[in-house]
Amino acid sequence: MLRRRRQAALVASLLALLLLGGAAAASALTSQPIRYNHNVHVVAYKMDCRFCHSSAMKTASAGIPSVEKCMICHRVIAVDHPEIKKIAQYWKEKKPIPWNRVTELPDYTYFPHFRMVNAGIACLTCHPGMDKVDVAVQEQEFTMGFCLKCHKARGVSIECWSCHI
Amino acid sequence: MSERSRTVVIGLFDAVEEAGAAARALRTLPLPEADITTISSVALPDGAVVSDPRPIRFPWAVALFWFVGAVSGAGLTLYSYLVYPLVTAGKPIASVPPTMIVTYELAMLAALLATLVAGFLSIGLARYRARKVFDPRIHEGKIAVCAAVEPGEQALRAAAALKEAGGAEVRTEEGEL
Amino acid sequence: MSERHHLERQGEGGLYETLSRSNLVTTKGWYAAAGVLFALTAAAVGVFLYMMATGLGVTGLSRPVMWGTMIILFVFWIGLSHSGTLISAILRITQAGWRAPVLRGAEAMTVFALMVGGLFPLMHLGRNWRFYYMIPYPNERMLWPNFRSPLLWDMVAISTYLTGSILFLYFGMIPDLAAARDHATGWRKKLYTFLAAGFRGSHSEWRRYHVASTLFAVLIIPVAVSVHSIVSWDFAMAMVPGWHSTIFAPYFVAGAIYSGIAGVITVMAFLRRVFRLEHFLTVRHFDNLGKLLLTMTLIWGYFYFSEFLTTWYSRLPEDWELISSYGTHYLPLFLVMLTCNFLIPLPALCLSKVRRSIPAMFAVSLVVNVGMFAERALIVVPSLARRNDPSVWLGYFPTWVEISYIVGSVSMFALLYVLFSKLLPVMAISDIKEHLFRTTDRSIGAATVPSVAQEEEGEGE
Amino acid sequence: MKHKWAMVIDMDRCTGCGACVVACVAENNTPTAGEEEAGKGRLMQWLRVSRFWKKEGEDTRAIFVPTPCMHCEKAPCEIVCPVYATYHDEDDQVNAMVYNRCIGTRYCANNCPYSVRVFNWWNHQWEKPLDEQLNPDLSVRSRGVMEKCTYCIQRIRRGKETALKEGRKIRDGEVVPACAQTCPPGAILFGDLLDPDSAVSRMVKDPRLFKLMEHLGTEPKTAYLKKQKGPGR
Amino acid sequence: MLDRRDFLKLGGATAFAALFGGCDRIPKKIIPFVIPPENTALGESLWYASACRQCPAGCGIVVRVSEGRAKKIEGNPLHPVNRGKLCARGQAGLQALYHPERIGRPLKLSGPRGSGKFAETSWEEALSILLTGLKKLQAAAPASLLMLTEPMRGHRNLVAARFMRAFGSPHRIAWDPFGQDALLAANEAVFGIRDVPEYDIANARYLLSFSGDFLETGISPVHYGRAYGQMRQSRPTVRGKFVHFGPRLSMTAANADVFLPIAPGSEGAAALGIAHVMVREKLTPSAAAAASLWAAGLSRMTPEAVGKATGLLPSDIEAVAHEFAGNAPGIAMAGDGAAGCTNGTYNLAGAALLNALAGNVGRQGGISFPNRLAAFSRFGADAALLLPPPESGFASVRDSVEKMRKGTYRMALLSGSTNPAFSLPAPLKFGEALLSVPQVVSFASFLDETASLSDLVLPVPTFLEEWGDDIAPAGHAGDALSMLQPVVDPFRDTRQMPDILIAAARELGGAVAAALPWAGFRECLEKSYAGMGVNLEAARRDGGVFPGKTPAPRTAPKAQRPSLPVAAEAEFEGDPARYPLFLHVYPSIAHSDGRGANLSWLQELPDPVTTAVWRNWVEVNPKTAETLGLADGDGVVVASPFGSMEAFVVVHPATAPGVVALPLGQGHTRYGTNAANRGGNPFSLLPVKADRGSGAPARQSTRVSLAKAKLAGSLVRTVNVEGQWKYENIL
């Protein structure tokens, strides 16, 4: 299963990189139910990543903000924006927003966000470019070597079981 | 065409004795020992017809590559131990017996490959574009006696000597010996 | 019926024709044989793909018998591969006069048996598609294989041996390829021209060629010995009763040579019959190979006895359970091994009548290989089935999947041989010619015996 | 933070009931093999309770030996793995098994004298909705990989993380594998040998202590306490 | 490859359906919360306390819930029954929850009755069928309504009992194959108190067990298992000794220091033999004062006489008597194997007498009779309804079968996991009789043999999805009160039986509606406990109410002057010539009477003694097997005068000669793919006999014969038959 997925991912990324760079970027814009703009939130409004991805400090997963959290601000801010209207619609129907996953780790990898965040690793270390983009992208391929380089440099555990069970 | 290309006189012989006579005749021409050779489908003992004065040195290359292989084997194992040091069964990270075994095997592998490559180079094989003098009939049992000669008079004398000795189809061509 | 006689009648071109008949005529029989073998091989490959797609559950393996037929076949074929190169190298170095017709067949057998045998460790992996984790190369995982594992030694050794054997086979073939080049036409000519690499047979070429061949032979012998030692260490390094034995390496090497010689005899008998090489593969060759086989029977028997005796007599509890299972669950296998490896070959090979009868030698060689297969099975299975912890004991019997691998491996080996015989010189033509060149028939009384031209190169009387 | 986890199984308390077996199955996403596969010796349970008969004079006694992974300090399985799929985890001093690295040579299982390693002969399926039960803390193993008792490493990890969040050391008894947690007579004791005050550290000094096949020199960290006889000590 | 459910951690807890299909696709969906629940952190699991209903022991559990799905059951450390421990069956409770064959919608008969063919229907229709039937009955003959359930406890029982009483039917029967009738009768006879005692095994120094398999089955394997561990190794200087008498080396017996095989049904005689020695030699003060017993007939129970009856060596009897008397406090207990004989009361009374003679009654490390009614006095008048009934109800079930045949009942309501169509002796022909009841409604989670015989099956939730309360049966629990709460949202479209009864009562109106005046069962619980002043929220958090102080135990009036049990011989059906072997049946540790057989984890749990999985077997002594020409693993037909079944032989070196032992639990014909068609049902061999003293079902009351037969398949054991003798090899 994973192999297929890996291959698919490989093929997909190759295609995206080599052939259809522009087209892929365009489709990325429409790939999410709402065109959430990371750049605006992070750079223009100087919001901390952890404000929305709040469980990154506490649990393994960084978490996706609830509709309620979006509405805290967007009850008053930019309510006329067509994308914000979509959020309001979800909120009205009390439906969750079906985001598509962008960053992905293999099933057999355990990545505790809170350990990294609490150790002072900046979010952009692993999610580079997230502050510059519109719709979320995965610019860094999460290979084992990428993780290990950092682990070795910081002198933290490189035991296999730290990340794989 | 390589610069080693020279004028060569070739004569085909049916029997070793005739070839031997031809070679003797060529030597008395005189032609240097190194410029006379035979081409045969069966290895002829050195000195039976001609002898090859050049020393064979490529086994030294094989020996050298044996050591190169050994070093790379040891290096490979040591590097792999140290690049991600994981403990198994309480054995030391750099464990001696596997290092020895891999060292040995890679040394042998390198030596075997070196034998092929050095052998090829020494024999002069796999030079497909080189034009070497040859006659396919040696595989029907003929023995060719060839000699590199100066074109002109020496060539003619050599051809005559070959004919004298009973050589059939004596001819002169340009090529490597 | 002597070789000399034959050459006189036909001349050297004719000699080539006879010796490489396999290359020249493509008979219906060849197509039929190749077709059947291909079908069997393809079927086994299909079964393997099925196993790869569904899981190793289709085999008869279990806890505790985690290794079964595939590993038996691995050891068996690696063992079989042994004699070829080794015998050829030893015979080349010792300049045994009768060696020439045996060389090529034996060397090719090594390569093909290694190719077949080397597949099994890969096939038996639970996740074959991840086999590259075993290969040491710089990778993004920054993780290298564990060289402390005997499996890795095995991999390194077998790849060395396979590379070496192919080179050895090829290098030995170069003069014959040159001969073939000069006889062939069409695409074969192009192939042989490429493979012969411009070998002419000039005096300096021959001299260097001989030096290189001798070097090859000298180098390949220690590799061959190391390979089977390491195969034995796959077992002996483990803490499994019956495997954990110091004698395993020489014992495996002896067993490998033993089964290898038997394999050479089988292959020779086949080649002789199929390609009508009666003039070249004579009774004398079989007699000599028979003597060699007899020696190996004795050596093998000695090793087995000393291995068995120590474990049996010391009665360590774990080993004792294993030895006593030879008398109960594995009695049939044990008897097959003992009979086929010792009780039949020993007296039979002592009789010159048997050694000089080719059908009898063929039969004996087959029997020995059946016995050696049983021996491999007896090493792999009972040791695992009677593990240290008696509560997990369990039997093992191969399923149809594994039986199809047995059939498939034999047919693949045969197929490779059949294809080889069609494409490349199957007899060492130049060695035979050389042998003929150096011997002349001399009449001593009523008998005609070959006499040797060159005493200093080894072959005495 | 280094640990040296160890297990002590008191055979005098063990009743052989098998609660540990099912607890382990429930915790570790272990598939059921089915009758046919079980008959082929392919049960997937990581912990077995072997029952041996022992003649004592006229009487026959039954002896229950719960056998999880021994987590040997000189583990024979580790050295034979060509790809480091099983190796010694230095942080926890346990015998680690990395499923995604395993290529399935099964050499480790052959070399384990305790035969506690199980192999995934098939891609095991959980009939829906039985898959809802699967523990999210560890992976479901695919076919072709070896698996075995991990001392419930996911629980150890959870314990470590909790301790880290609360800025303290792990307390003795805070981290227990599923088998030890459920064992009704309390026969399975688990803890850190590097903690001199832990219960296992005390128990390993018990004169009743023995290890399975100690003569093999594997130095198991799962130890046993001998069954006693008669009243009093 | 590794199909991990990690994405659940990253996703939210609401829209699961969208996730399940998508685990192989990229990109995956992330479904966050609309409004995050207050106490949820993503990826962190929560533990909910509840109570286990996998067997009647009533252990407290905590369930790990991650993203709305139960992941693991563990014992509740606060609960006095199990103190954090749990048995295999409890652990397997999750499989009942997620069982693929669970009934998810009401089922209406679609073929002939008994065919097991059902069609799904809506709750509206199902309830209207039920109500129509009930209404018709209420008008015509309310007394012809039968309710046959397992023994219910807590407010479930209250609702059911009030419903039946108000409806006007006296026919409310609870069936438990392992009821404690014989124990009650024995204690009444010996101590003058009809109650189940508590055994303080943890503090005992000497434990005598007469076919009491308390570590595997019986009242509470977990509680006693824990106590057993404490008895063995928790005290620095004392290690309790354990001696077991019985016809078979069960798992419990295997843990004994001394196992003494005896003839089936001779447990009472063995106990009296020990009593004889104690009184003769005045080994304890109580024994010295028991001259009256001596005169009443104890003098005849000499070790020699008892030895002849039981097969014991007289010297063993003497030795055990001395040890038992000399190592106070001690406990003598007898279990199902002894109680299941036709002289069960006598057997159990013998054990009770030993406790009295040794002076173990009412002391730490002995037995005591806690005052449960006083402990639960806060329930007021309803207390008796809430406490679990310890009886088996065998007599009533037999009576009801008669009545079914006579047509007394017009409608039957069935519920519970005791599965009478499976767990009653076959000659009673319960199933056949049930088919003659015009309308049968089952409340069930699985289509077992009994539910398959009904017209209408109403799906009920498993215990992990229910509201409820529980009081563990007497014998081990003190006065703990457990609270059940749904740890997951109901997984199927199910309704609790009390909810259905309350709803039906509302529709039926009148007295019935007045008797059940709640909107639903949850309200019933909440009102009731609020009325008692119980903080329900705290109780649900802790898993129940566990008071620290218990009322003083009841006094046993005759503990000082016990009466001598009336001697009785065990009777066995079947001509000894034709049926030469005694049959000993015992509940299997994994499946009990058969209710666990549909869970694959339990099917694959090796039986502790034989290590067999997935199938049943018959245990035969090696000598017996040799005389019968049977080898280990052979197939045999076990035949009794009442029926026959197929099984595989397990040569069991410690079964008494002349006895064959069969585990109960397998032999289902329905009950799902895991359970069905795995060998024969031992209940089909049993006669319809009862213990003469108490009316409990007498299962150990027939002889059988074994005949070799060729059977398909083979018995799978996890321990090698040859290797099982080589314990020394692993040392």
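Note that the chains take the letters A, B, C, D and E in the order they are written out, and that residue 1 is the start of every chain.
Everything below uses one rule, namely that a residue touches a chain if its C-beta (ideal position, glycine included) is under 8 Å from a C-beta of that chain, and two chains touch if they have at least 3 such contacts.
Here the structure is a predicted model, which is why all the values come from computation and not from measurement.
Enquirer: Tell me which chains count as touching both chain A and chain E.
Expert: Output, common partners of chain A and chain E: C, D.
Enquirer: Using CA atom means as chain centres, which chain is nearest the centre of all the protein shown?
Expert: Looking at where each chain's C-alpha mean falls, the closest to the middle is D.
Enquirer: Relative to chain A, which chain's C-alpha centre is the most remote?
Expert: B
Enquirer: Taking contacts as defined above, which has more of them, A-C or D-E?
Expert: D-E
Enquirer: Measuring between Cα centroids, what's the chain most distant from chain E?
Expert: Between chain E and the rest, the longest centre separation is with B.
Enquirer: At what distance in angstrom does the C-alpha mean of chain D lie from that of chain A?
Expert: 37
Enquirer: Just curious, how far off is chain D from chain C if you go by their C-alpha centres, in Å?
Expert: 44
Enquirer: With chain centres defined as C-alpha means, what is the inter-centre distance between chain B and chain C in Å?
Expert: About 30 Å, centre to centre.
Enquirer: What is the distance, in whole Å, between the centres of chain B and chain D, each centre taken as the mean of its C-alpha atoms?
Expert: 64
Enquirer: Tell me, which residues of chain B touch at least two other chains?
Expert: 84, 86, 88-89, 91
Enquirer: Hey, what residues on chain A touch two or more of the other chains?
Expert: In chain A, residues 1-3, 58, 106-108, 110, 160 touch at least two other chains, as defined above.
Enquirer: What are the residues of chain E that contact at least two other chains?
Expert: Residue numbers touching two or more other chains: 1-4, 6, 9, 43, 718-719, 724-726, 730.
Enquirer: Please name which positions on chain D make contact with chain E in the complex.
Expert: Result: residues 10, 12-13, 15-19, 21-23, 25-27, 32-35, 38-39, 43, 45, 48-55, 59-65, 99-100, 127-136, 138-142, 145, 178, 181-187, 210, 212-214, 228-233 of chain D touch chain E.
Enquirer: In their complex, what parts of chain A are in touch with chain D?
Expert: Interface residues on the chain A side: 1-2, 58, 106-108, 110, 112, 114-115, 157, 159-162, 164-165.
Enquirer: Taking the complex as given, what residues does chain D use to touch chain B?
Expert: Listed in rising order, the residues of chain D that touch chain B are 72-79, 81, 84, 86-88, 90, 219.
Enquirer: Given the complex with chain C, which residues does chain B contribute to the contact?
Expert: It comes out as residues 37-46, 49-52, 54, 56, 58-59, 62, 76-77, 79-81, 83-84, 86, 88-89, 91, 95, 98-99, 101-102, 104-106, 108-109, 111-113, 115-116, 118-120, 122-128, 130, 132, 134, 136-141, 146, 177.
Enquirer: Which chain C residues qualify as touching chain E in the complex?
Expert: Touch list, chain C to chain E: 127, 317-318, 321, 388-394.
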